[in-house]
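Both of the next two complexes hold subunit A, though its partner changes from subunit B to subunit C.
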Partner chain A sequence: MNLGTATGRNKGIEPGAERAGRKNGRKFIYLSLAPVLLLFGVFAFLPIGWSLGLSVFKYNPLSGSALFVGADNYIRMLGDSVFLKSLWVTFKFVIIAVMVNIIITLMIAVAIQRIRTGWLRSLMRTLFFLPTIAPLAGTAIVWSTMFNFNHGLFNILLDKMHMAPIQWLSDPHYALYSVIMMTLWADIGYNIVLFIAGLDSIPDMYYEAAILDGASRWHIFKDITLPLLRRSMLFISVTTVVSYFQAFAQFQIMTKGEPFNETRVLALHIYEQAFSNSNMGYASAMATVFLLIILVVTLLQLKWGRTEWEY
Partner chain B sequence: MNAYKKVISDYEALHPDVSIDYQTFPYDVYNQKLKASFSAKSPPDIAEMFGTWVPEYSKNGLLAEIPGSEQLQTEYYEAPLGGYTLNGKLYGLPLEFNIENGGMLIHPQMLKEHGIANPPSTWDELVADAKQLTVRDGKGIKVKGFDFVSGDNITFTFLSMILQQNGKYWGENDHVDFQTPEAQKAMTALTSLIANDKVADLTTFGGELDTSDYFFQGRSAMTYRGPWTVAAGLNTYKVKDFEYVPVPSFTTNPPSFSAESGWGIVASEKSKQQKAAVDFITYMSSNDNLLAWNQSTFTVPAKKAVAENPEFLKSNPYMKTSLDILQLGKWIGPIADRDFFFKTINDHFQLMATGQEAVEKGLQNIEKTINESQDQHK
Partner chain C sequence: MHRRNKWLDGLIMLVLIVAACAMLMPYAWMVLSSLKSNMEIVSGSHTFLPSKASLEGYRTVLVDAPFGRWLMNSAVTSVVITAATLFTSALAGYIFAKHQFKGQKLLFILILATMMIPFQVIMIPTYLITAKLGLVNQLMAIILPNLVSSYGVFLAKQFIEDIPQDLLDAARMDGAGELRLMVRIIAPLILPMLSALGIFTFMNSWNNYLWPLIILNDESKMTVPLALVYFNGTHMVNYNVVMSAAVLITLPVIAVFLIFQKQFIKGLTMTGMK
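So, the complex of A and B:
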C-alpha cells in the first residue's frame, strides 16, 4: 500500500513543506466535516444534552422557573402504571411488527427475485414500494376509515362472510393488531427492496453447486440464502427495530393510545406528557430512558448479528 | 366565527384607533398553539380559552386581571366562572355555560310506539323506560334505550349523581374523594345501566361519531347530551321530530349537576395593548353583545341577565330545559389535567361495566390515579 501522499514521506519534500501540507490537510478535513458536525451538534447532540438536563427538573413551559428534583422523575417512572404499560405496549408492537415485517418482506423479496421477466419484476417491486411513498399520516387516516365499525371496508367484508363486525380500533383485543396491520402495509416496501438487493448480491455459483448436489429448495434457502443474507438481515432488523420503536403518527391519528392504553406506545406517551400535560421534565426523563433502551437493543442486535466472513 | 367577526367589526367601528387581527386554528392543535405562544413569550393580546385551561395560565401570572371581579361574580352563574377565578379575582370572562347534564334528546315517536306517553320524571322511570325502548337483534343492541356512553357524559353523570345525593367528591388538598357511599351508589347505578339493565353498550365508545350522531341516525331512543347537539340535529341531520327534555334527578333532590367552565376570552398579561384587550373583553361581555353571540352560536348563556332575557328563549326554544336548571350547576372543581381526569374515570367505568373490576376497587383506582396526577401539577 502506498501511503506516500497521505504521510508526506515522498523523497525530495522539505520538512517545513511537509508540515505545512499536513496542516493544510487537517484544515481541509475540519472544514469538510464542520457543516455535518454542526448539523449533528445543533439538531441531535444539543437536544439530547438539553433533554438530559431537563430530566432532573420539574418544568412546565408556562411557568417561569424550573424546580430541581434530582432523580425524582426517574423514580416516578417505576411507579407510573401508564409508563410501564406503554413500555410493554411498545415492546409488544416492536417484536410483533418487526418479526412479521421481516418474514413477509423476505418471502415477497424471494418471490420477486425468482421472476425472470424483467418488466414484471420491476412492476412488482414498484407495486410493493408504492405505499411507502404515501405520507404515513394520510395512510393512517385512510386506514381509520377502513376500520370504521359501521361503514368500514373490513366490517363490510366480514358482513359478506356472515361474520360479526369487529371494533377494530376500539376493542382492546384488536386495536394494537389493527395498527400493526396498517404499519406493515405502509412500510414493507423499503425492506423488500433491501432484501432484493441482498439476494442479488449472493453469487450464483453457490446455488449452482447446491443444485448439482441435489439440494432441495428449502435446503437452498435455509443453508445458502439465509446465511448469506445475514449482513442485509442485520441492517434491516436494526433499522426496522429503531424505526418501529419511534412509531408515533399512526398511533396519534388512529387510536390516540386508546382503548385502555392498549396502543399507548412510549413515543406517544412522551409527546402527550410533554406537550399536552406540560410535564417537560418527566417527559425528558422518559425520553432518556427510551434512548437508552433503543441503544441497548441496537448494541445487542449488532453483537448477535455480527458476521466475520466474506465472499 | 361570524359571531366573533361581527363583534370585532362593531368594536373597531366604535374605536377607529384599534385594529383586531382575528385568527382561527383547528381545535386539535389550538391548545398546544396557545401553550407554545405563551411559553415563547409571544402570546396573542386576546385569546379564546376553555375555562378548564385557564388556571394553568392564571396561576403562572400570564393573564391580565379583569377589573370589577366582585360585581361580575354576581352577574354570572357559578359554574362558568369557576375556571376563570383565582384567589377571588377574575382572569377572563366566560362567553357560555358549558352544560352537558340535565337534558337529553328523545324521539317522542319511539316512546309512543312503546306505550310511553311522557318523558320519564324519576330515575326509576328513566331506567324502566330505557329498558322498554331498547331494541335488540342477533348482533346486540340495535336501538339503545338510554345512551350516556360518551367521553363527557360518563364522568359528568357520575359526578352529578353524587351531587344529587348531597354528596361531595373533593377532599382536602385538591384531592378527589370517591370512597364515599354517594360515589359508590352513583357508580353502581351507572355501571348497572350497562351490566344489568343493558340499555346501552360500549360498542360505539371511542369511535369517531358522537352519541348525538347515533341518536339522530335513529340508533338510540334517549341520549344524554348537552343542548349544543340540538343544532347538529337541526342543521346537519335535518331531523325535526325530536325533543330536548329534562333528565330526572337520581334522587328526590333537585337535579344539581357538575359543569366545567366553558369557552371564554382572556387577555395576556404581557400584551402591549393590555388596556385595549381588557376593554374589548368588557365590551364583548355586555348583555347585548353576549345575547347576540349566544344566539348565533347556539350556546347557553353564562351571564344571568342574558339567560333570563325572554328574547334568548324565543330564538332558541330548545334551550328551555337547560335554562331552567342553570342555577343548580356547580363548578367541576380544580382539575389539574382535564383530559386525564375524564379518561381515568372512563377507562375504569368500562372495566367496571364489563365486570372486569368491582365498583369499590374501580373507585379506589380512579381516586389513586387522579390524585397522583393532581399532585404532579402542584
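So, the complex of A and C:
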C-alpha cells in the first residue's frame, strides 16, 4: 500500500519533469542535428539524386548546357568499346587481386600467428602493415620508378639474373599484373591484421580436442580454422571487393589506363569522362552502372556468405 | 598446444623473413634513389646503390618547392576534418542512440545507406555543388564535404547504446545539460572508439587523392599526395628529387604510426575500418 502511494506520488511528479526534460531534449535534438543533417543532405543525399538525374542529360559544365537525352547515355554504353573494355578490366583486376590478396594474407596471418616470441610476432605484423599507412599516391610513384624500363629495380634484378628486361607498365601482357603487384604490396597489411584477430578469437580448446583425436595439420586447418574464420572471411572479402572496385590512384598515376586500355578500370574511365572530357552526363550514367554492380556483388557475397554459415 | 615440428617452424619462419624483406624493398629503393645525384640518373644508373650519396634531391624539394606549404595544407585540412568528424559523429550517434524523434529510424537508415555509395558516384555532383559555392581551389573545398562521416555516426551509435540509461538519468537528475552530459559522461566512455575513428579519419584525409585532384589545381593550395604527383610530373627526369619528396612525406606518417601503433591495430580490429 505504502509502496503504491510512493509510486503514485512519483508518477504525479514525473510527467511534469519529464515534459520539461523532453522539451529541452527536443530543442537539443533539433539544434544539434540540424547542421549535421544539412551536411549529409548537401554532400551525400543530394549528390546521389543529382547523379541519377544527371545520367539522363547530355551535360557539359564548360558550356553549361544540359540537354535531356533520356536513356541515350545508357544505350551509348552498350556500343562503347572503351567502356565495355573497362568493365572487363575492372572485373579482371578485382577478381585476381582479391583472390590473391585473400590467399596470401591468410597464409601470412597463419604463419605470423604461429610465432611464439611476442616481439617477433608484433615486428612481423608491423612490417606487413607499414605500406598501408603510406599515401597511395606516393606509393604509386615509387613503384613507377621501380617498374622503369631503363633503370628500375625490377629490371636491375632481372639483369642480375641474366634475363631480358620487361616493359612492366607498357607491355599489354604485364601492365595489369604490375599494378596488381603494387596494389597487393600496398594493401595486404589490413587483411593480415584482420585475419590475425579472427585467428586469435578461435578458442584453443577446439585445437586441443582435435590434437587428442590425432587430426593432421591440414585437417585441423580445413575443419576447424577455416569454418571458424568464416565471419572474418566474409567481412574481409566484402570490404576488399568494394575497395578494389574503387581502386583509382594507382591506375591514374602509374598507367593512365594504357597500354591499349588494358588498365582502364571503370573508376578511372568515369573520372576521365567527367573531368578531362567534360562529359558529365555520360560519366554519371556510367557511375550509376558502377553503383549497381557494387550493390549486386555485395549482396551476392552476403547471401553466399550467410548460407554457408548456417551449415 | 600444437605438435611442434622444428623443421616446419624453421621453414615457415624463413619464408616469413623473405616475405618481410620483400615488403621492405620498396622503402630501401625509395631511400637509396633519393640519395642518388642528378648526374648519376641522367647518365643512366643501373645499380641499386647510389655510387656517391648526395642530398641534392632533398635540397631541391625543400628549397625550390613550396614543400612546407603543402605540409601545412595537409595538416590544417586533416586536423579540422578529424576534429569535426569526431564531434559530429559523437553528437549524432548520441542522439540516434539515446533520443527519440519522428523519422529517426528512416534517417539513420539513410545515413547508413550512404556508406555503400562509392565516391565515384557522388564526385560529379559534389564537384558541381562545391563549384556553385565558389570553393574551387580553396582548402575549404577539401574540408566542407568531409565534416560528417556516416561510418562515424554508425560507430558512435553502437558504442553509446551500450552506456546504461541509468547513468545518463542520474546525471540529468543532478542538473547536467545535454552538452555537459556528452562531454563529461559519454565522451570519456567512448574514448577508445573515438581515438580509433580519429586515427582513421586523419589518415584517410591525409592520404586522400581523388577529391583534391578534382577540386584543386593551384600549386600553392595542393595537399601532400596531390603535390607529390604534380611534382612527379614536372621532375619526372630527376627521380632523385621525386624520391626525396616521397621520403619526406612517408617518414612522418610512419613515425606517427609507430607511436600510435597499438591504438591503430586495436581500432582496425574493433571497427574493421579501412
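To be clear about the criterion, the second predicted complex is superposed on the first by the 264 of 311 C-alpha atoms of A that agree within 3 Å, B and C clash if a C-alpha of one lies under 4 Å from a C-alpha of the other, contacts with A are read in each partner's own complex, and residues count from 1 in each chain.
Keep in mind that, in the parts below, contacts are C-beta pairs under 8 Å (C-beta built on N, C-alpha and C of every residue); 3 or more make two chains touch, one makes a residue touch a chain.
Since the structure is predicted, the reported quantities are computational estimates derived from the model, not experimental observations.
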Simultaneous placement of subunit C and subunit B on subunit A, clash or fit: fit
Partner chain(s) touched by A:Leu106 [first = subunit B, second = subunit C, both, neither]: neither
First, second, both or neither for A:Ser63, with subunit B first and subunit C second: first
First, second, both or neither for A:Phe260, with subunit B first and subunit C second: first
Subunit B versus subunit C as contact partner of A:Met181, first or second or both or neither: neither
Centroid geometry (CA): angle subunit B/subunit A/subunit C, rounded to a multiple of 10 degrees: 80
Of subunit B and subunit C, the chain that contacts the larger number of subunit A residues: C
Touching partner for A:Phe275 - first (subunit B), second (subunit C), both, neither: both
First (subunit B), second (subunit C), both or neither touched by A:Ala164: first
Smallest separation of CA atoms, subunit C relative to subunit B, angstrom: 5
Footprint overlap on subunit A, comparing subunit B with subunit C: 61, 144, 148, 275
Of subunit B, residues touching subunit A in the complex: 31-32, 35, 38-39, 56-57, 60-62, 139, 203-208, 337, 339-340, 347, 350-351, 369, 376
For the subunit A and subunit B complex, residues of the former touching the latter: 60-64, 81, 144, 148-149, 164-165, 167, 169-170, 258-261, 275-279, 282
Residue numbers on subunit A that touch subunit C, as the complex places them: 21, 24-26, 28-29, 32-33, 35-37, 39-40, 42-48, 50-51, 54, 61, 108, 111-112, 114-115, 124-131, 133-146, 148, 150-151, 153, 156, 159, 185, 190, 193-194, 197, 204, 207-208, 211, 217, 235, 239, 242-243, 245-246, 248-249, 252-253, 266-267, 270-271, 274-275, 280, 283-284, 287-288, 290-291, 294-295, 298
Residues of subunit C touching subunit A in the complex: 1-3, 9, 12-13, 15-16, 19-20, 23-27, 29-30, 33, 41, 44-48, 88, 91-92, 95, 99, 101, 107, 110-111, 114, 116-129, 131, 144-145, 147-148, 150, 153, 172, 177-179, 203, 206-207, 209-210, 213-214, 224-226, 228-229, 232, 239, 242-243, 246, 249-250, 253-254, 257-258, 261, 264-265, 268-269, 272, 274
